[in-house]
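When the chains are written out, they are named A, B, C and D in that same order, and each has its own residue count from 1.
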Amino acid sequence: MWQIEVGTTTGKVYVTLIVLAFLALFLGFIPVMQALPPRGRRALIALITFFAGLVFAAEFFLPVDKKGENWLSPAIDPAQNTLQIIGAMALALGTYGLIRLHLRNIVQQRSQWGYSVVLIVAFLTMGFFSVWKTLAEKGELRQTEFLQKGFTLLFDNMLVPLEATMFSLIAFYIFSAAYRAFRIRSIEASILMFTAMMVMIGIVSLGNIISYSWLGLPIEQTAEMEQNPFSLRNIGYNLALPRIAYWILQALNAPVQRAIEFGVGIAGLAMAIRLWLSLERGIT
Amino acid sequence: MSYQHAADNWFSAIIIALIATAVLLNIARAKAGAQLYIRRIPGLDAIDEAIGRSTEMGRPVTMIPGLTAFGVVAVQSLTIFKYITKQIAKFVTPMRLLTADATVYAVAQEAIQDAYNEAGRPDLYDPDNVRFLSDRQFAFASGVAGLLQRERVAASFMFGEFFAESLIFAETGNIVGAIQIAGTISFTQVPFFVVACDYTIIGDEFYATSAYLSREPVLLGSLVGQDIAKLLFILIIIVGVIAATTLGKDDEFIKLLGMPGGWDAFWKAIFGGS
Amino acid sequence: MEWWQNFLPLNYERVGVWASVICTFAIYSILYRENPFYRFFEHLFIGLGAGYSLGPVLTEALYRCWYLPLWKEGYWAWAPVVPFGLYLYFIYSERYGWMSRLVIGLLIGANAGLFFQEFASRQLPQLNSTLSKPLWITSENFDITDGQVLKWVPLVLNNWIFIIFLLAVLTYFTFSFEHRGPVKRVATVGRWFLMIGLGAMFGNTVMARMALLIGRIHYLLSNWLGIPVGGG
Amino acid sequence: MMEQQTIWHRLLMIDRRILYLILFVNIIIFLLIPVKVPTVTSPPVRKFYDTIEQLQPGDIVMVSSNWSAGTIGENRPQLEAVIRHLMRKKVRFTVISFDPQARDISFRFISRVTQEGGYQYGKDWAHFGFLPALVAGIKGMVKDIPATIKQDIKGTPIAQLPVMQGVKTLADYKMVIDITPAGTVAAWIAYRPKDLIVLFCPTSVMAAEAYTFLDSGQVAGMLTGAIGAQEYEQLLQQEGLGTPFAKAISFSHALIILFIILGNIALFMSRRAQGG
């Protein structure tokens, strides 16, 4: 009942008609919804938000049978596929906004609009190659050598190095900030800085050179050292810089991260409930 | 080790229900007009002190919401900036609010105008003081750094979501000798702010600051509800650890508190069921 | 072949390497000063990124999740999803802008509904693992039949540290009551413990950023200048 | 007193471009100098290696590669080392990306590495391409992979891939290895099937936060950035990108610590000189 035969071209035309019919339907909704008063609009948004959440929340909370499923479980797959489609359209919204902004810069001849032309040309060229490549992979279009070379030049030799270099700039900023901005100005800053330095030395091979090559501390912990932890050899083992760094990370840092996790989790749950029930005033 | 359904351990459903009730109940109380108490965090004293010292220097004060896109965090950053603007309006200290998001820029114009009206100095509001520099990370950062140096800013307030460019703000602010107060929920940037700024408001404290200033019912109620949840977690940890030490850590009661499959194991141990 | 014939961009592969090197130095030019050369390549970068996303985001995702089930398998019920999603693109219009929040509401609502499982699955196992940290050497938890108590002492000490750090930092993040007397001391110590965690994050973040720069310099040395630096 | 103050003051007011140059030159030197740097395996890397060692030939593993060009310096050494280890264990693996650019980058690097190891696309490994919604994608795969993914990156239906014989849901997998600069591991931890092991290859920025998951056992092992990849390569006795990077990272850390101390001394001295 939910499936119609699409093997033949008439089947494909049929599907296209159905899609166009829904398109017309949703266009028709626009004046109807526009007539809604602001309170009605907010109610409609709140309703859609609530039901979108209800599908997943109910499926999680309802009891399950032996196979670990309840009557809502079959709805998960179509729901997740809908989220993939809407998610893809939402991602493309960012690109839509960016291109719209730069096209307006060109049309209104705003200052520096020359750079917007560069951006639009790059967008169209890369868009052409990227869509062609994806469809060629799916077998909808032919894979040609021109496509191969063009995409590799634009992607591997321009987009990848540009992004990698952009991210690597931060190393320079950290270095100059380390010299000029990172001050031991309070107890807190000194605790943080001392821990950071111990970790920075311990997790890289610098710590190995100092504690194992120069100081010659034991590298391995033998069973005998485990038996009496306060023996000189075991204390020596644990005083090696890599061991100190690992102890800071595993014994001191882990509980702090767990406390932050609990804070983030509880704040996230409160936020999820507020958003699900559309209680948030600022944005809805 | 993971939950597919609440039925894996009904303890999870109980905990979520308790927290949800605490949050929703307190939001309802706050909306009904109850005065919910939020303590004044030390960060606010640091802000007032920074405002005081910046007025003596007579140089401008900058407010930077970072790259925060318009949303819950941006609205709360603007709440804090409104408070700061109202305080500096008394000393006629010039201010600059620099944004990287077009929507935040538009909403910020209104917020700063409201702040000056509420401070009784509508004449001080100048639309040029709220600026949209650029929506790209490093272009925005170099724009902010340029302004900080040109105007030899007295104080710089950074509230919102920050990424790697926060280093440029903090370093330039240090060179210019500005007092810097930062507040962010982006934990990866908090370490840099702590060592580069005079005071840093960390994680949940950011929400507490905006709730304290705005007295907005949903924020207050939610924060009080979250506090109850944290106290509940603390209680479970204390009870659980004592039980683990005395009864042994593989005891059914310990498994009940959160381990998937713990619910059935606990009932089976108690009632010796099927 | 002279070395310079291999070095200069004479064949396709070398043209690619030179293009990559020019892009790298263009971005690094901002370290000297904001300049038109940097601004040109920055806009090129943003344009390429936006153009590239049309492939996987629009083509692959919509092809796989909407075009296939509809035109290849015939499940006509998927027809309304994209028309409904098109309301998103009214976001910039004054009159119809609010309709985009119908679609955004669907996304927000779905993610909120999904969060309950994440809260249970992510926080509760951590809570449970915190509980299985015994604070005293007793026969229930430790095999002390051979009288060897000493070897468990480091583990128990670490458990004490874990619980104290966890409770102190949690106390620091409470706001609905005044921090006075002992609670104030616990919260202050909690902020110091927080600084230790932040110090660990600081050390790791520095390492991450250095590795990214080293990756770029490694590319310049080995792929462009052909200096054998190891690691292929 | 005056010139002493100017020395410290001038030290503080060094032009930032000189600092950038010092860092740049430092890295070049330590990339080129063949200094043999001893490494000791840190416990998270040891656990990571041992977990993969337990795999039997024919097991199937999910590789979630979500990194794009921005973090290539850290995630590429990890990905290549992991793929080499899986090939050595004769284990089947499928790859998925929840980031658009990660899709193409992972496909290109894995294709290159698998050619070295004689792995054949379709028979030994497959790439599922890009999925926009992370959480929904995982939940879908837990129930039914062919229904969620439908086609692989080359457009072949999932059910027809030889590598997927006898595999219908995520529960049939032995483990998932998440190589990512972002918080995708929390979604894997939260929505995975009950006993699917999670291994984590973060950029170092994310490593400190993950120690709570290591402590609770939700994550079985972890490679921290390029250093983690280098220790892992030592265990695999196969030198990759990690080794040259680790050497340069070590000495750039030394330089940073030196400059933090220098900066604080310069400030202290210049302030004392003004105050004195």
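Just so it is clear, a residue touches a chain if its C-beta (ideal position, glycine included) is under 8 Å from a C-beta of that chain, and two chains touch if they have at least 3 such contacts.
None of the values given here were measured: they were computed from a predicted structure.
**Student:** Once you count every C-beta pair in contact for both, which comes out on top, C-D or B-D?
**Tutor:** C-D
**Student:** Hey, which chain is the most central one here, using CA centres?
**Tutor:** If one averages C-alpha positions chain by chain, the most central is C.
**Student:** Among all chains, whose Cα centre is located farthest from the one for chain B?
**Tutor:** Between chain B and the rest, the longest centre separation is with D.
**Student:** If you average the CA atoms of chain C and of chain D, how many Å lie between those two points?
**Tutor:** Distance between chain centres, rounded to whole Å: 11 Å.
**Student:** Report the inter-chain centroid distance for chain B and chain D in whole angstrom, where each centroid is the mean of the CA atoms.
**Tutor:** The separation of the two C-alpha centroids amounts to 30 Å.
**Student:** Centroid of chain A to centroid of chain D, CA atoms only: how many Å?
**Tutor:** 15
**Student:** Please tell me the distance, in whole Å, between the geometric centres of chain A and chain C computed from their C-alpha atoms.
**Tutor:** The separation of the two C-alpha centroids amounts to 6 Å.
**Student:** On chain C, where are the residues touching two or more other chains?
**Tutor:** 30-31, 46, 49, 52-53, 55-57, 60-61, 64-65, 69, 110-111, 114, 116-122, 125-128, 130, 162-163, 166, 170, 173, 194-195, 197-207, 209-210, 212-213, 215-216
**Student:** Where in chain B do residues touch at least two different other chains?
**Tutor:** As it turns out, chain B has residues touching two or more other chains at 1-4, 6, 16, 138, 164, 187-188, 191-192, 194-195, 203-204, 230, 233, 260.
**Student:** Quick check on chain A: which residues sit in contact with 2+ other chains?
**Tutor:** Residue numbers touching two or more other chains: 60-61, 79, 81, 83-84, 87-88, 90-91, 138, 155-156, 159-164, 166-172, 174, 176, 178, 180, 182-184, 188-189, 192-193, 196-197, 200, 203-204, 249, 253-255, 257-258, 260-263, 266, 269, 273.
**Student:** In the complex formed with chain A, which residues of chain B make contact?
**Tutor:** 3-7, 13, 16, 19-20, 23-24, 27, 70-72, 75, 135, 138, 164-165, 167-168, 170-171, 173-175, 187, 191-192, 194-196, 198, 203-204, 207, 216, 218, 222, 225-226, 229-230, 233
**Student:** Would you tell me which residues of chain B are touching chain D in their complex?
**Tutor:** Against chain D, chain B makes touches at 1-4, 8, 187-188, 260.
**Student:** Please give the residue numbers of chain A that touch chain B in the complex, ascending.
**Tutor:** 59-64, 68, 70, 101, 166, 169-170, 173-174, 176-177, 180-185, 188-189, 192-193, 196, 260, 262-264, 266-267, 269-271, 273-274, 277, 279-283
**Student:** Touching chain B in the complex: which residues of chain C?
**Tutor:** Residues 30, 34, 42, 46, 116-117, 119-121, 124-125, 127-128, 130-136, 138, 140-141, 163, 166-167, 170-171, 173-179, 194-195, 198-199, 201-202, 205, 209.
**Student:** State the interface residues of chain D toward chain B in the complex, per the touch definition above.
**Tutor:** Listed in rising order, the residues are 142, 189-195, 205, 209, 217-218.
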